[in-house]
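Both complexes below contain chain A, partnered by chain B and then by chain C.
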Partner chain A sequence: MSEPQTVAPNDHEPPRRLHINVLRFNPREAGTEPRVQTYEIEEAHGMTLFLALSEIREKQDPSLQFDFVCRAGICGSCAMVINGRPGLACRTLTTQFGSEITLAPLPVFELIGDLSVNTGKWMRAMSERLETWVHMNEAGVDLHKMEERMDPALAEEVYELDRCIECGCCVGACGTLRMRPGFVGAVGLNKIARFRLDPRDNRSDDDYYELVGDDEGVFGCMSLVGCQDVCPKNLPLATQIAFLRRKMLANGLKR
Partner chain B sequence: MSGAGNMTGRATVDRAPRKSAWPARLDLAQSLTGLLLAAFLAVHLLLDSAILFGSDAADFVAHFFEGRLFFGSSHPWIVSAAAVVILVLVVIHAALALRKFPHAHRDYAEMSGHVRALNHTDTRLWWWQAATGFALFFLVAAHLFVVITQPDAIGADPSTRRVVEQGAWALYLIFLPVVLVHAAVGVYRLSVKWGVPPLVDSAHARRRRMVMWIVVIAYLVLGLASLATYLGRGLSG
Partner chain C sequence: MKIVYTDVLVIGGGLAGQRVAIGARRRGFDATVISLVPAKRSHSAAAQGGMQASLANVLKAQGDSEDVHFEDTVRGSDWGADQEVVRMFVNTAPKAVRELAAWGVPWSRVRKGDREVIINGQRVTLTERDEAHGLIMQRDFGGTKKWRACYVSDGTGHALLYAMSDRAIASGVPVHERAEALALIHDGGRCYGAVVRDLITGELMAYVAKATAIATGGAGRLYRVTTNAVICEGIGTAIALETGVAAVGNMEAVQFHPTGIFPAGILVTEGCRGDGGLLKDGEGHRFMPDYEPEKKELASRDVVSRRMEEHIRKGKGAKSRFGDHLWLDITLLGRAHIDRNLREVKEICAYFLGIDPAEQWIAVRPAQHYTMGGVRTTPSGQSPALMGLFAAGEAACWDMHGFNRLGGNSVAETVVAGMIVGENIADFCADPANDIDFSTGLVRDFVEREQGKLDALFASGGTEDASAIRAEMQDLMTDKVGIFRTGRELEEAVDALQKLLVRSRSIRVRGHALGANPELVTAYRVQKMLKLALCVAYGALVRTESRGAHFREDYPRRNDQEWLKRTLATWPDERGTLPTLGYEPLDVMRMELPPGWRGYGAKDYIDHPDTARRASELEALKGRMAGADRFTVQNALMPYEHLLPVSLRGHNERMDERLT
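Right, the complex of A and B next:
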């Protein structure tokens, strides 16, 4: 795998002219076809793809659609395919690339328009399917009692996996999902791993097997590691899937 | 979950059906048969290279597998029987691996486009493993047919005849790199799949792949040297 090389900014040279090719399509505009439109802009110091796109939208083409909220890699809205690889526009410096940068919307998700996709719809369906919330016996909860303490090391482990921002990069990088659209994907399996760790969740491995113990779940993963290699939050996704696979195997063999 | 069942008016139990254990079993079986076959290949190719130490060494290996050390005489059926066991493993492994292949044009187009666009090593390795696996359906069948039907044709002179006069060198020349890549990539991917040892980061994966390629090249050199030795013996009469 070739890692993107950062080109050191040189103050003596004139700024580069960037050619940004955007795969554009608006499904709501009748009679239009997907097309690639190229925008030329001058590279600024410390420019991210988000800044470049904002400048294009502000100065050249107000019809260009892309999403952003936080501009700091926290909200996960600006995920897109950058020169073939899913990533966050706000966390990607233009200096990583040559003067030619090609942007496309994330695959798998429903296209809203241009670079904007409906990750929320997909993520919600995934959450409902995998029941990604803490399951506890609510009738047995005594509100007057102090909350059970959690070991700080365990809390740290839960938090580590909870850092997922549901940006959809792992979904876009997953070859398994491209071939088998019913596959739950790394984001879903990571959530199962997260709730499995949480002592407040009463579910057992028997319950988790019911959710992911098949070829659309953990056993469907073809270990392509695309998820882990593109995750902008550096989550150990392939490692978590392997761990979950061992646990689900042990449960499956007992059935 | 049983609500829909009740709507039909058929007798239903008030409990969601438990998920089958088969996906777990099949996943394990694919990994285990693959690992066994890779281990077999590693030993097989080492023993083939006995010819590098002369015809006596190759004959010794042949006699060992014909049971001469244990029974005092040659029993080639032992070789046939072992080859049948390997064939059974291959058939099981292939049947299980078929679950992962592209099934329709849509799957194929999606995956090949994805492999090209993503430009990502592990994704590309999977593609190569699928391609070599497909080729192995035919290569393994051809090889094992000969071994099962002519079990006594091992050892220095019979093997030389097979390689040179019967033209088996052409099969082996294609078979060797294909099976080596498939097995080595397979074992590497098994380590990633089961997290043994856990894949910490991409530098970790790179190191592991480096070891994998070293093993492939070492075995390729060894295998080609053995093949060249047989060819040399045959051509010089």
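Right, the complex of A and C next:
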């Protein structure tokens, strides 16, 4: 029979004191500057950054801003830069670090305050620009009838790319985006790859080329692979981008 | 004062809210959604296991129909549900799944031929029919006779919410993210919209609308241990309650899910048991068959959760430094199955428990999971008390779940209710009789009143701390208003919650940070949450019977004679500390399925005086109609189709039931 595994410090050792350094800035407070504030807390068994930050806000500093929603690694709200690397704070256990943990907001996105950034606004703009929905003839769907068939393996492939949670980690880790602020990011290119696979979307490669066949799209990516390294859902982002680039290149040549 | 005008204001950007907005938008009305978070981060994303709809594609679903889904749902509800609404729901659910399929949801699909599954701990080979190849799959879920839960691996909610949100974007529905409704604007008879706080700037605004829909999800955060997201605080339900006019129904009906991971409470889906996973105790013994020989691990959630707690009380739990728990064993499903169909479960186990569920057992214990209660509506989705106010999804008490909802019926409800309420709201807006003739004075009064309340939290002479009060409330709810309830503990809870509510009126917000100010947010929310918590605890105290998820140790029997009725709570006195409870009887003489034994759980209940009479009436009717098709018979027993929007009426095609 299996035993519960301990993912936290050994029972016999005294709990660690963690120093959580947070890059703080409230853009709404005129005349203030970004600064690092350090909070000291006692590590608890199974402590995640969600638990640590919540405790800090409840017990030490009620003004600290951050975003958690599902706290289970599903909704993508809590991406931040954790010791230099973008990741989901809610499922990051403090045990994986030394006693110093440094947290900063994701770059690229508009800062709301402290660790909270406006990923929603960025993602909605990306969705509108790339038209990230199935293009279809709505009038053609009779809801009383049986559904259209779909190849089971293809459905799984679509789901594989559909698992993106728009957390923004790939955007935060993207070297290209630093230079080309209009770049659609791995998140955007993955969406195009997803809809391109989906037989229900009646767009052609010509249509996709119009959307991403330029330097702000698939030809802008400098293949630094930062995106795939940090994707919390392990999506094959770099592979998909390379694949899409070949398809779009073929389409471009044909023009 | 900033005022936003729209035809339809939808408060909540989950599955229900966005589907309502899309429905209204397609009919040519402006619909604006507001949401605490980006729509795609709403808690609907967390649904893992599936969506119930009687498509009957897989072998184990053969013979499924609206009728079977209806019976399962009513039994699941322990006869608390509104049976007409259940009929509306089961007839629309297949249409909802098919609409979502057309919108791009990558539903898992049937593969023809042999496949191995685990049923009751045994490996079984099922041979799926050739004709089913490529149609939408169903898996088994608790409390159902047939396999009915359509799913996308175990990321069903995520896939649905993304398809829905993308469809909303395609339809041009604006979503005002990071916006929170603080109060409904109304004159005691008609709702005109809401006072909304911008969670980036902290500014208050008014949204004025012909119709307002509340689709704000559940209130799990009233409890300490819950599977719900941190934003599931019930604020939308609370602002309806705070009108003093609109009622919230059955708030004491709170569902506990058997398999929250221990101790964090994060959910692992019912699909684990549906796919063959077993519950085991501290000695590794599979205990559910001892209690529930028929449905075993797959009895309804209320029953399984109670049996688990009962077993722990007998000292049979596994011990850990955080207390006792039980085990969920899915190792028997095999790695390939887990990798394909239970991926989120695998990730959750890896990140939060540090285990590999293909090799090790998962520590679980029941956790608060679902709010059956909510804003009371008629079958059309409108509040009977406040014209122009609608509700849909988990925030509503529409009431298809009664005292226990079946797994997979909730995401199905969100979409189905969204489809129905979206049409009804459009009809409402199209009717000139519903044009609003509102006074800006009223709107100004409401905004000023809300601003005044916020200002008072800073200026208060008190010393109370909002986070501390919230924590006390959550402890009370988990410890005294949980799975097993007694009059004594409920009385203590009601008493303590009232004191907390009084204390919450002396909360002092110290920080003046500009913007959302999280300290302020906690402060105003906890005042509202306490009112809801009191509806739960007080409703539970007064209901001296056990029904579905509401279990009273001092009144263990279901008592149809006295309690076949829905609790309606209102909060007429803003300074009061208790809701006013009223009751809405359920009419046995109109039921298609009169109360009886659920097929699992206790067999012992007190009949309603009308039950026998209605049962024989139904028997006679059915006898007279021998030979008629099932739709004609159903219509004679309890007509409901007139309640559905015209576009959603009509039969559903199945492989074995073709439309002619």
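We adopt the following convention: the second predicted complex is superposed on the first by the 239 of 255 C-alpha atoms of A that agree within 3 Å, B and C clash if a C-alpha of one lies under 4 Å from a C-alpha of the other, contacts with A are read in each partner's own complex, and residues count from 1 in each chain.
Here is the rule we go by: a residue touches a chain if its C-beta (ideal position, glycine included) is under 8 Å from a C-beta of that chain, and two chains touch if they have at least 3 such contacts.
Given the structure is predicted, the values throughout are model-derived calculations rather than measurements.
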**OP:** Could you check whether chain B and chain C clash or fit when both are placed on chain A?
**Re:** fit
**OP:** Kindly classify A:G84 by the partners it touches after superposition: chain B alone (first), chain C alone (second), both, or neither?
**Re:** first
**OP:** Mind computing the angle chain B to chain A to chain C from the CA centres, in steps of 10 degrees?
**Re:** 160
**OP:** Tell me which partner A:R16 touches in the superposition: chain B (first), chain C (second), both or neither.
**Re:** neither
Original post:
A:R245 contacts which: chain B (first), chain C (second), both, neither?
Top reply: first
**OP:** May I ask you to decide whether A:L224 touches chain B, chain C, both, or neither, giving the answer as first, second, both or neither?
**Re:** first
**OP:** Determine, under the contact definition given at the top, whether A:E58 touches first (chain B), second (chain C), both, or neither.
**Re:** second
Subject >> When both partners are placed on the shared chain, which of chain B and chain C touches more of chain A >> reply: C
Subject >> Which of chain B and chain C A:V69 touches, first, second, both or neither >> reply: second
**OP:** Classify the contacts of A:G175 with the two partner chains as first (chain B alone), second (chain C alone), both, or neither.
**Re:** first
Original post:
Which of the two partners, first being chain B and second being chain C, lies in contact with A:R129: first, second, both, or neither?
Top reply: neither
Subject >> After superposition on chain A, the shortest CA separation from chain B to chain C (Å) >> reply: 16
**OP:** Mind sorting out which residues of chain A both chain B and chain C touch, each in its own complex?
**Re:** 1-2
Original post:
For chain B, which residues count as touching chain A in their complex?
Top reply: 16, 18-21, 23-28, 99-100, 102, 107, 110-111, 114-115, 117-123, 126, 189, 192-196, 198-200, 202, 205-206
**OP:** State the interface residues of chain A toward chain B in the complex, per the touch definition above.
**Re:** 1-2, 81, 84-85, 107, 173, 175, 178-180, 209-210, 213-215, 217, 219, 221-226, 228-229, 236, 238-239, 242-243, 245-246, 248-249, 251-255
Original post:
For the complex, which residues does chain C have touching chain A?
Top reply: 37-43, 45-46, 55, 95, 97-99, 101-104, 106-111, 133-136, 152-153, 155, 158-159, 162-163, 166-167, 169-170, 175, 177-178, 200-202, 229-231, 263-264, 266-267, 284, 318, 320-322, 340, 344, 347-348, 351-355, 359-361, 363, 467, 471, 510-511, 513-519, 522, 648, 650-655, 659
Original post:
In the complex of these two chains, what residues of chain A are touching chain C?
Top reply: 1-2, 4-7, 11, 26, 28-29, 45-46, 48, 57-59, 62-65, 67-77, 91, 93, 112-113, 118-121, 123-124, 127-128, 131-134, 136, 138, 141, 143-152, 155-156, 158-159, 162-163, 165-166, 195, 198, 200-201
